[in-house]
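One chain, chain A, appears in both complexes that follow, with chain B as partner in the first and chain C in the second.
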Partner chain A sequence: MFKRRPLQSKSEIWMRNIVMSILVIYMVIFLIVPVVMVLMGSLHQWNPLNGTYKWIGIENYTRMFSYPTFWQSMFNTVIFCIFVVFFRVILGLGIAYAVNSKMTRFKTFFRTVFYMPTVTPLVAVAYVWKIMYNPQFGLIDKIFGLDINWLYDSAFALPALMLMTVWKDFGYAVILFLSGLLSLPSDCYESASIDGANAWQTFRHITLPLLKPTMLFVVVTSIISYLQAYVPVLVMTKGGPGTSTYLSSYLVFDQAFKQYNFGYASAISLFILVLTAIFTVISFKAAGSKEN
Partner chain B sequence: MKKMLTLCLTAAMIFSLAGCSQQNNRETAGITDTQEDKGLDVMGNHVTYDPNHLVNNGNPVSIDWWIWSSEELFQNIADAYEEIHPNVTINLINNPWDGYFTKLPLSLQKGADGPTLFNIHNSYENLLMNYIEPYEIDTQQLIADYPSAASHLKDGKIYYTDYGLSTGMVYYNKRLWEQAKLTDQDIPVTWKEFIEIAEKLTVFDKNGAMTQAGFNYNNQFQAIALGLNYQFGENLFTEDGKVSQTAGKGMTQAVSLLTDLYESYHVGDKDFGTDCEQSFFQEQSAMVFVWGFFVDKLKTNYPDLEYGTFEIPTPDRKTPYAYYRYNGESTPGINKNASSEQKETAQDFMRFFFANDEIQIMLSRDGGLIPAKSALMDSEELRDTPLVRTVGPHIDRYIWPGSMPSTLENNIKIAGEDILYNGKSMEKALKNAAKIIDVDLANADFTASESLYEFYHQ
Partner chain C sequence: MKQRVLKITLFVILCLAGAATVLPFLWMLLSSFKTNAEIEALEQSFLPRHPTLENYINLQNNFDFLRYFANSILIALVVTILVIYTSCICGYVLGKYKFKGKNLIFGVVMMTMMVPWSVTIIPRYTMFVKAGLLDSYLSLILPFMFSGFGIFMMKQNMENVPNELLEAARLDGANEFQIFHKLVFPLCKNGISAIAIFQFLWVWEDYLWPYLMMDSEQKQLLAVGLTQFNGRYATDYGGLFAATTISILPVIIVYVIFQKRFIAGVAAGAVKG
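So, the complex of A and B:
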């Protein structure tokens, strides 16, 4: 049967229409139109800089799937995402838990210190780390007495990028987990304390389950942002040595803005978009089913 | 008070956003020139320029000129022209190299709002050709003055050409050279001699760690490899100029020579610093192979560093098919969609640019180039510049492969890193590079210019 809507004033309807129109226009201009352009572009040999736009069907896709660098970049992206997200969550949660502890003093100071790398511009951070990784005068080799050409050794280049990214980004997770911890109901902890639960049991059976929505948020947003990561690669390795640090988004950047193969770059972008969407849906479904 | 503050902040934001737009703040001098006869001499050889005329009927006109480096040098040229034609204002806009060739075509798409003049790098020719107006200068006269302009003819017109030619040469540190008890007599001619010298210049500490490289090409692998193939008798491209021979015999021998320098002769090391130029600046590497622009870098950043130069060595003492490749520094292009006043001014400016010997000498001297203008090849002012002195006598034995798209350098760089750092076999790395390069060349509709080389059929 019809559900009766609550009465609305004219001004309310007017305001709602304005807000909705702005949102719809925004979505059309900044989301739907670009996605359609990318979809169409991926079927063309496309270079907007010199006006080339020639229909080539699915050639960009066949090239993409037969291009070794594409598969290497996808593999690197998966490795990069798994490690960086894992350490971001572990470090973020651990530090947030420590800062939130009743024993910890100067909480504001620690919060500020841990959040500082997050607010520092990524390009600046990447340049500083690039210098630190230098095999001749870099701080890392000097301090640890090593002789590693971090950014030019294919065994270390990707881990070096991951280490820098974890350092840069864990502060964001700290703040999110801290806010999550602060919002947890204190009665659960009181009950646990009365029941004689130790610190680990409290953490394992109360804190962790209650923090699940925050953790899901951190994991999903981290994966989405790391699927788009290309700045550290651009500044520190340019994808090298060889193509050993190519990430999928850097490949898109390289093809679009260095090789000017916008059509091919569009095909890769679309693939990443679909992959991200599928992954996000799976993550939410998995989280939902566990909760059920 | 709150409202006032909000208003001020909004206004500040709007102004700061407006400040981001560089196109809308053109300066116009607003001076009218009435003096047609300026009492100045006609300049030039075949292409001549008579300054005794009015540009744009003497009415004020302003043009933008996009560059990516050497601001002072180009400012001097603009100033020299403005001095003759005070009604013309040339706004020099220096954009960084990174992103220059993305921003420029987009700006040129705006028609008359784009720059009237813009510097070109020939590897990005295919991005710009749709926006360039040909020079209104007799092509035969232009070729008579600038012979390399012949290779830039398109349908009988010239859209841009070279004002200078650049190539690579070996730079050596004189102090380290003397320290190794080497003299000018030891300048190597063959690769064998070069290796012997490099070995003398390489220093290891007591633990066997390299403390000074005899020769360093880190981060410049692609620059040397692309062109070294000519010494082994093979062109970079097939006869039709459409397909690369990146995985061919010549390139394989060239790459093999470079890897041997590190891996067999240990005169350098892939891990000895990440950039050979920096290493040379720090006097950690005794010899490097870099193009002519390095002269200016040394002069600007390390004026006290004493260095000498010599030509790239060859397999034996016989004249090779070609020593190496060269590339041209391109003259500015003219925006075909600029207003008629701006185009008229730009055409007049380019005639001045070509005819004026002082400008051409300044460009070659300060840019570390060999002048493209034939009349200046033997000029006194340029005789002692490093590139002219080192490469000048054999410049006819250097090849211009054409306006090579950047995919060649990018993929040879990747191949080099795969071989040196990733342990990939040379054959596989070069084949991979060739495969990608050929797809990109086909998309770029590129045809090599190697067939124009005088000794091509040798």
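So, the complex of A and C:
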């Protein structure tokens, strides 16, 4: 471990310098410069169509915080995140546990089926679901004998998007939890069964705590990706009815590339970045505190 | 007895969940063989009563879908191959070398994964418009040549390559470029397949960036093509079913064939999370 090669060869230095300088140039162009540009842009009135780029201080931010659609989109995003992450974790864990059980046959088959929606392109899937929610001939109403105009009823539109997203993404959680379950040490279970623990106790006190790293990974990656969700909104509702399905990332898309308010959209996108960071830190903190 | 009941209950639950997962795909596939009149009929049947290929034929006549399909495959392949290579070589340097500033660089790489698309896309759009790269495939490739996820995965992978192996090759007089290309690169099959799968999918389903960059219709990618089709023929449900089937079914077929690798790849990406 502590043995160090005394001399770095010339080719190693070359390799390091070439590869790292290309990587650094790439990151400067595609990450650092953009973040600086967004920061600056959020302080300007910025419209690329007519070439406006005028300093207005924090006006974009004050406008943002007094704009009801912004708060509506934040509220929707938080609701969307909480529900989808919750069901993704519950379904993912439950189904992974069932598939992993000694009693289950055709494990590979089930695994393959559950992961299928995850590998399909979201835009296409969203169109299929859009027709599935059709009140006249859509599959959902037909199967459950309902009469709901899902995407045009402000009470049901956001839940409809959440249901589609859960369906699309739960398989990813299943696979992650399955690989987590497979990597658990078997000796814990042996001693638990010797101690006479029942299935629920074993699950609650042994499996669950051991799966915490997987859980954390699923929760954090889910939150990060759902804060960025816009495709279902774009395809299925365009934010409507009213503003009931505006998600914050869709608001950025709308403000930036429909209205061309680049400065204003920059301010909103920075807010999403801050939110992402906060959620990530909270998740890690929550995982850490449960340990004690 | 109790065991048997439990076993059957489990099986039934899994089958129900499986059915719910597959049903939308099945419905889409079957409906793509129905006429519009049948799709919109009050009395629905799951199987098409008068199966027809009309939707597919009309689709291709009105809208060059196969072209979009080919474009998407081309761009996804190019980007995926580039990302595999850059991820491996960056992963090798970051995983195996010791040098000043390494942690800083790796930290920024990790940050690229956390920064939302909405933050970078506005400046990137401005830069690409200024650089005159609108409507050029370069604009779909350049921003995605490096992947934070890929570099992270390969760094983990590279750390598992034994140092003794590298030392032996160095003693034999191989230089670092040879070691990387001939020895290390082939050793990382698992990591590579995970990156390949994810990257391909990401390019395949990316909507916004190709929508912003590509102007000419015949250069457009599949995801954008779908929305254009829907914009123009919003009530042609049969056509939309055919279009979505064309963009989903091949992916499912490839997935079912390679499902083992897919799933191993996903799992590998998370274990060290």
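Criterion: the second predicted complex is superposed on the first by the 265 of 292 C-alpha atoms of A that agree within 3 Å, B and C clash if a C-alpha of one lies under 4 Å from a C-alpha of the other, contacts with A are read in each partner's own complex, and residues count from 1 in each chain.
Note that contacts are C-beta pairs under 8 Å (C-beta built on N, C-alpha and C of every residue); 3 or more make two chains touch, one makes a residue touch a chain.
Keep in mind it's a predicted model, so treat the numbers as computed, not measured.
Colleague: Quick check on the superposed pair: does A:Asn50 touch chain B, chain C, both, or neither? Answer first, second, both or neither.
Modeller: Once the two structures are laid over each other on A, A:Asn50 reaches chain B alone.
Colleague: Could you say whether A:Thr245 touches chain B, chain C, both of them, or neither, answering first, second, both or neither?
Modeller: After superposing on A, A:Thr245 lies clear of both chain B and chain C.
Colleague: Output check: A:Ser222 vs chain B and chain C. Expected answer is one of first, second, both, neither. What do you get?
Modeller: neither
Colleague: Per the contact definition in the header, classify A:Thr77: touching chain B only (first), chain C only (second), both, or neither.
Modeller: The answer is neither, since A:Thr77 touches no partner chain.
Colleague: Of the partners chain B and chain C, which touch A:Asn149 in the superposed model: first, second, both, neither?
Modeller: After superposition on chain A, A:Asn149 lies in contact with chain B alone.
Colleague: Name the chain, either chain B or chain C, that contacts more residues of chain A.
Modeller: Result: the larger residue contact count on chain A belongs to C.
Colleague: Taking the superposition as given, does A:Phe257 touch the first partner, chain B, the second, chain C, both, or neither?
Modeller: both
Colleague: Give one of first, second, both or neither to describe whether A:Gln136 is in contact with chain B, with chain C, with both, or with none.
Modeller: both
Colleague: Taking the two structures together, which residues of chain A meet both chain B and chain C?
Modeller: Chain A residues touching both partners: 136, 257.
Colleague: Touching chain C in the complex: which residues of chain A?
Modeller: Listed in rising order, the residues are 4-5, 9, 11-12, 14-16, 19-20, 23-24, 26-27, 29-35, 37-38, 41, 48, 91, 95, 98-99, 101, 103-105, 108, 110-117, 119-125, 127-129, 131-132, 136-137, 139, 142, 167, 171-172, 175-176, 178-180, 183, 213-214, 216-217, 221, 224, 227-228, 230-231, 234-235, 249, 252-253, 256-257, 262, 265-266, 268-270, 272-273, 276-277, 280.
Colleague: Which stretch or stretches of chain B touch chain A in the complex?
Modeller: It is residues 99, 101-102, 105-106, 126-130, 209, 270-274, 284, 406-407, 410, 413-415, 417-418, 420-422, 424, 429, 432, 436, 439-440, 443 of chain B that touch chain A.
Colleague: So in the complex, the part of chain C that touches chain A is made up of which residues?
Modeller: Listed in rising order, the residues are 3, 6-7, 10-11, 13-14, 17-18, 20-25, 27-28, 31, 39-42, 44, 86, 89-90, 92-93, 97-99, 105, 108-109, 111-127, 129, 143, 145-146, 151, 167, 170, 175-177, 180, 197, 201, 204-205, 207-208, 212, 222-223, 226-227, 230, 237, 240-241, 243-244, 247-248, 251-252, 255-256, 259, 262-263, 266-267, 270-271, 273.
Colleague: Using the touch definition from the top, list the residues of chain A that touch chain B in their complex.
Modeller: Touching chain B: residues 45, 47, 49-51, 63, 67-69, 134-136, 147, 149, 151-154, 239-244, 257-261 of chain A.
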